[in-house]
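See the structures that follow.
Presented sequentially are two complexes of chain A, the first with chain B as partner and the second with chain C.
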Partner chain A sequence: MMSLNIRAAVLSLVFLVAALGMWEVSSEADVVAQENLTEYELLMGTNVQKARVPPPSDVIVRAWQELSDPFYDAGPNDKGIGIQLGYSLYRVLTGYLMAAMVAIPLGFLIGMSPLMYRALNPYIQVLRPISPLAWMPLALFIIKDAEASAIFVIFICSIWPMLLNTAFGVAGVRSDWVNVARTHQLSQLRTAFTVILPAAAPTILTGMRISIGIAWLVIVAAEMLVGGTGIGYYVWNEWNNLDLTSVIFSILMIGLVGMLLDLGLSALTRLIQYQE
Partner chain B sequence: MSNKSLGDPYDRDVSLIHPRGCECGQCPSHGGQAHSEPAVEASAPQTREEMMDRAVENAIVRGIFKQNDFSRRQFLGTVGGGTLAAALASILPINAVKAAVKDSIGALEKTRLTVGFVPITCATPIIMAHPMGFYERYGLDVELVKTAGWAISRDKSMSGEYDAAHMLTPMPLAMTLGAGSSPKPFIMPAVENINGQAIVLHTDHKDKRDPKQWKGFKFGVPFEYSMHNFLLRYYVAEHGLDPDVDIQIRVVPPPEMVANLRAGNLDGYLSPDPFNQRAVWEKVGFIHMLTRDIWEGHPCCAFACSQEFAATNPNTYSALFKAIVDATHYSAQHENRKEISAAIAPTNYLNQPVPVIEQVLTGRYADGLGGVMNEPDRIDFDPFPWHSMAVWILTQMKRWGYVEEDIDYQKIAEQVYLATDCGNVMKDLGYEAPSATYASHTIMGKTFDYTKPEEYIESFPIRRSSR
Partner chain C sequence: MKKRFLQVENLAQRFPIAGRNKSLTVFEDISFGIERGEFVCIIGHSGCGKSTIMNALSGLDAPTEGVVIMDGKEVSGPSLDRGVVFQNYSLLPWLSALDNIIFGVRARWPKWSRQKIREHSHEYLHMVGLQEVEHRKPGQLSGGMRQRVSIARAFATQPKLLLLDEPFGALDALTRGVIQDELVSICASTAQTVFMITHDVDEAILLADRILLMSNGPEAVIAEDVVVDLPRPRKRGTVINQPGYYSLRNHLLDFLVNRSEAARTATTSAAPAIINPIREASGGPLPHAVNA
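The block that comes next holds the complex of A and B.
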């Protein structure tokens, strides 16, 4: 008897093969006439394949081409997929780390002080639901730099989950523990670092995990708007050429990198998990 | 280093042209490893002075062989590079020419420039000047940055991220007036293309060729302050439709036009090429009419920069200006169009199939209705920025309520459109330039008299009356 894990893996594989097979068959290429074409037919592109959703085999071939030379640089508007992803990751991580540096201390303040919580809550509730891209025109005007504006958009979208989760985690620390700290006459600061931080860490990290997911979602849209470099620009540029094969390939790459970012943070969460 | 593409013109093994798929070792090619040619590496000019000298030699030799690289290489194969150089020196004072070119431009304040463009064929001169070496000829190292739309292009130009940019002819006027943005003085030294746009309709509307049947249609235009918007409004209004009431006009960035047409989100659009021809190629639309049939010779896109850039870097600005005028003139020659199509098609520039761009630039195209049309003037290139064109654009901005206050039409036209400067540069480069900067234009059979802009606006029954 095989273990459950192995059976699940085999089944997953069967599903994948079946789905790809159906996709491949359903998008079978039309027969393309190559001879005796009139000039009109040639100008209409009758001799090249009609636009369709590309079969998986095309996507695999494209993926092989792109991944076998991921770092080529053929001018400012034509760079390899590795370089594009690098630019996107750089923007996401910069904006995200800046957001963490603001959100976590601020979250502590809000979580530890019911007064601050009530004073700041209305603003947070108004600012939180704003689509980060709506900030873009304002950011471009004020910051006057497209690169920094993209980072700002990441900053503003990843700050809220971290802020709220930190506040929630800090406020939810069991009052017994804080009371014990108080009887030992620990200072506020020491209580924050030695008691509250470890206790609230899992909740804070959950917020960070939500944030990185949102940041990665938003960077694609932001780069489609700003252009120049990054995976979002790559998608836009291929859309420009109505090249669905490359678009599907980049969708897969976006998913893959997003998953890796999430896995990284979930591993970190497991490290600081504790039993009560 | 980009100066490597300035090949030694006296070497028969070096090609002076760098078409798509060029394997010369300096051209980055997709997939395959670009093999380097040590001979070229060694002879590549290193300093700016050497680069200018090489550019002059290059231009002269190209000129002698009438830009035909094949016959140059054949000739060199027979007599050898040294012979050609000596023969040339005996009839032409090459060293004097080199010195004159350096003098006439003066020391460049800045050689590395960032120029923005939106990937459409209107930008042909700005784009092709890069792969075909026009910027290098004037000692400039230009980085061309593809931009997703005109709002971003405008913001990047205003913030100074772009030194100069490809814009629509109404944009510098609007930016100077502060319409749709905060005011900042911009100048437009040269027009890029004339004509070259089209009205495309969805294939479902093949039986609705009369604009009177277009009530309720959704049309796309690339930007509010565009000739596309003003020409579409003018066209439907002449057919009795009010563009603000009877149809819907949406701003859609050009690259997204075809996808929106396919999805049925738009019934048609008046947009820049190659997206008109691309709609035909994708079999989702047909070409209803070319804009040259609305206004023969209308301006469309332009080369623009802030007044500040021109004032602080006069020599660089002048070199860039000359490169653009030169490239525009080269693009205007019909025999060069196929070569240009191949040069601007790659991912780094337009990212479009060559046959589509060729149909746009050569004017021999399928209209999507079963016919092959032959219109060599479908798109043309003429750098001269007529002041009267600026006045016309301002009248339309006023007519449709984009500006409400009174404007001094001629003053703004002359401040933004540098027609006199452009004429001088054209003459310097040996091209013919018009002697006047105003002319009367005929749009759909109606004459526009630039001396009476207010009366012209009043003469239209359909307009937004602000008073």
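The block that comes next holds the complex of A and C.
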């Protein structure tokens, strides 16, 4: 009997081949269908507007072309996929790290002080459900810079999960461990770094993992609005060029990079995870 | 009256009852003393307030009334002079066994070099026989091993007073016996002053010089101060053959089973009656005479 992992891998492959096969066949069927249009439809130009969804074989060919030269730069509207992803990653990581630098200390404060928790909770509850893109006009007006506004939107969307998880993790540190720090006469600062931080670290990292996922979701939309560079702009640009093959290819790349970001943080989580 | 090393005077602890204008008195009028190098156990039914007394001794909680004086100074907060081994092994689960001890040693002697802290910690891990598993995290240690690390951490900081809250409560009988023996020999070689909570009568007899008997709560008091008049060194296997062992054991069990409920009303003075069941059984003076 094969191991579960091998069987799962084989099954995954079967699903992939089946899905790609069906997709390939159905896009060919589209081509055939166009030949049997009624005169009325031909008159209305339906056949022209009905651009066909490219078959996977086209997408694979395009992927090969793009990935073999990911960093070419031929003017503002023609840059390699690597450059576009690089811009998006730069914005995501900048906004995300800034959010972490605010959220983690603030979360500590809220988690350690019931007073601060009560004082700040109403603001958090109002600000948290605001769609990050709703900040965009205000950000553009105040910051007056598209690039910085995109980073601000990432900042504002990734701050909440980190803030709330840090506060929750810090407040939930077992009183036994805090008592260990107290009986060893540790200062407040030492207690925070040597007991509370490691104790709350898994919860904080869960928040960071949620945040990076949201940030990556939001950057695509933000770049569609802001334009210029980035994977979101690239998707929109290719759509305007009616190059659906590139659109599908970039969708796949967005998924792939998002997965890698998540894998990175989950590896980090495993490092600091402890068993009670 | 001569002051003892640890002097507990008229201690009371009351907690407010939620939603009512009254308070719950866990215990009151608790007075006793411990000499330097003495091993004192306290026995009482679950919930009578033993852990609450210990929190007052360690300084983690301030008592509502009364004072604890150690070495001439009033206890006003936690201190490295009072090492605590908590009921549920309070090791830090993200640190290895050795690093847990280093944590305590570094807090105690912040100026020591890294090398010296490590050597000192190693020595105490060795003392409890765990040098083989020094890199394991508490989650990968058995209950007995974890409790050994806790004890090693407490001893490594060389506190003036060691407080143990039912340290072996969660262990199986076999492991408990082995660690009890270790504790006996460590205490004998270090002359450590110990205050230990237990609900195991045999454990108390094996380890203690004196056993404080606590009445049932609420409003618990210390009803008796029982002297364990058995020669040392004591061994788990042979102590039961000592003359007087059973009269002592029966006295303790009789208290726990029959008298702990009524003891509160019977006790009037702040200082508990000192009782020596072994001498009584062998025809010594009556407890009242000892008390006078």
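Operating definition for what follows: the second predicted complex is superposed on the first by the 254 of 276 C-alpha atoms of A that agree within 3 Å, B and C clash if a C-alpha of one lies under 4 Å from a C-alpha of the other, contacts with A are read in each partner's own complex, and residues count from 1 in each chain.
Quick note on the criterion: a residue touches a chain if its C-beta (ideal position, glycine included) is under 8 Å from a C-beta of that chain, and two chains touch if they have at least 3 such contacts.
Model, not experiment: these values are computed from the prediction.
*Asks:* Taking the superposition on A as described, I'd like to know which of chain B and chain C A:H184 touches: first, second, both or neither.
*Replies:* Second partner only, chain C.
*Asks:* For A:I154, using the defined touch cut-off, is the partner it touches chain B, chain C, both, or neither? Pick first, second, both or neither.
*Replies:* The answer is neither, since A:I154 touches no partner chain.
*Asks:* For A:M162 in the superposed arrangement: first (chain B), second (chain C), both or neither?
*Replies:* Touch partners of A:M162: none, neither chain B nor chain C.
*Asks:* Between chain B and chain C, which makes contact with more of the residues in chain A?
*Replies:* B
*Asks:* Thinking of the overlay built on chain A, is A:V218 touched by chain B (first), by chain C (second), by both, or by neither?
*Replies:* In the superposition, A:V218 contacts neither chain B nor chain C.
*Asks:* Please write out, lowest number first, the residues of chain A touched by both chain B and chain C across the two complexes.
*Replies:* In chain A, no position sits in both the chain B and chain C interfaces.
*Asks:* In the complex formed with chain A, which residues of chain C make contact?
*Replies:* Counting only chain C, the residues touching chain A are 58, 60, 78-80, 82-84, 86, 88, 90, 92-94, 103-104, 107-108, 137, 139-140, 157.
*Asks:* Per the contact definition, I'd like the list of chain A residues that touch chain C in the complex.
*Replies:* It comes out as residues 176-177, 179-180, 182-186, 194-195, 198-199, 201, 272, 274-276.
*Asks:* Give every residue of chain A touching chain B within the complex, in rising order.
*Replies:* Chain A residues touching chain B: 39-40, 42-45, 48, 50-51, 65, 69, 72-78, 137, 140-141, 144-146, 224-228, 233, 236-242.
*Asks:* Hey, which residues of chain B end up touching chain A in the complex?
*Replies:* Going through chain B, the ones touching chain A are 28-31, 119, 143-148, 151-152, 155-156, 158-161, 182, 255-256, 258-259, 278, 280-283, 346-349, 351-353, 355-356, 359, 364-366, 368, 370-372.
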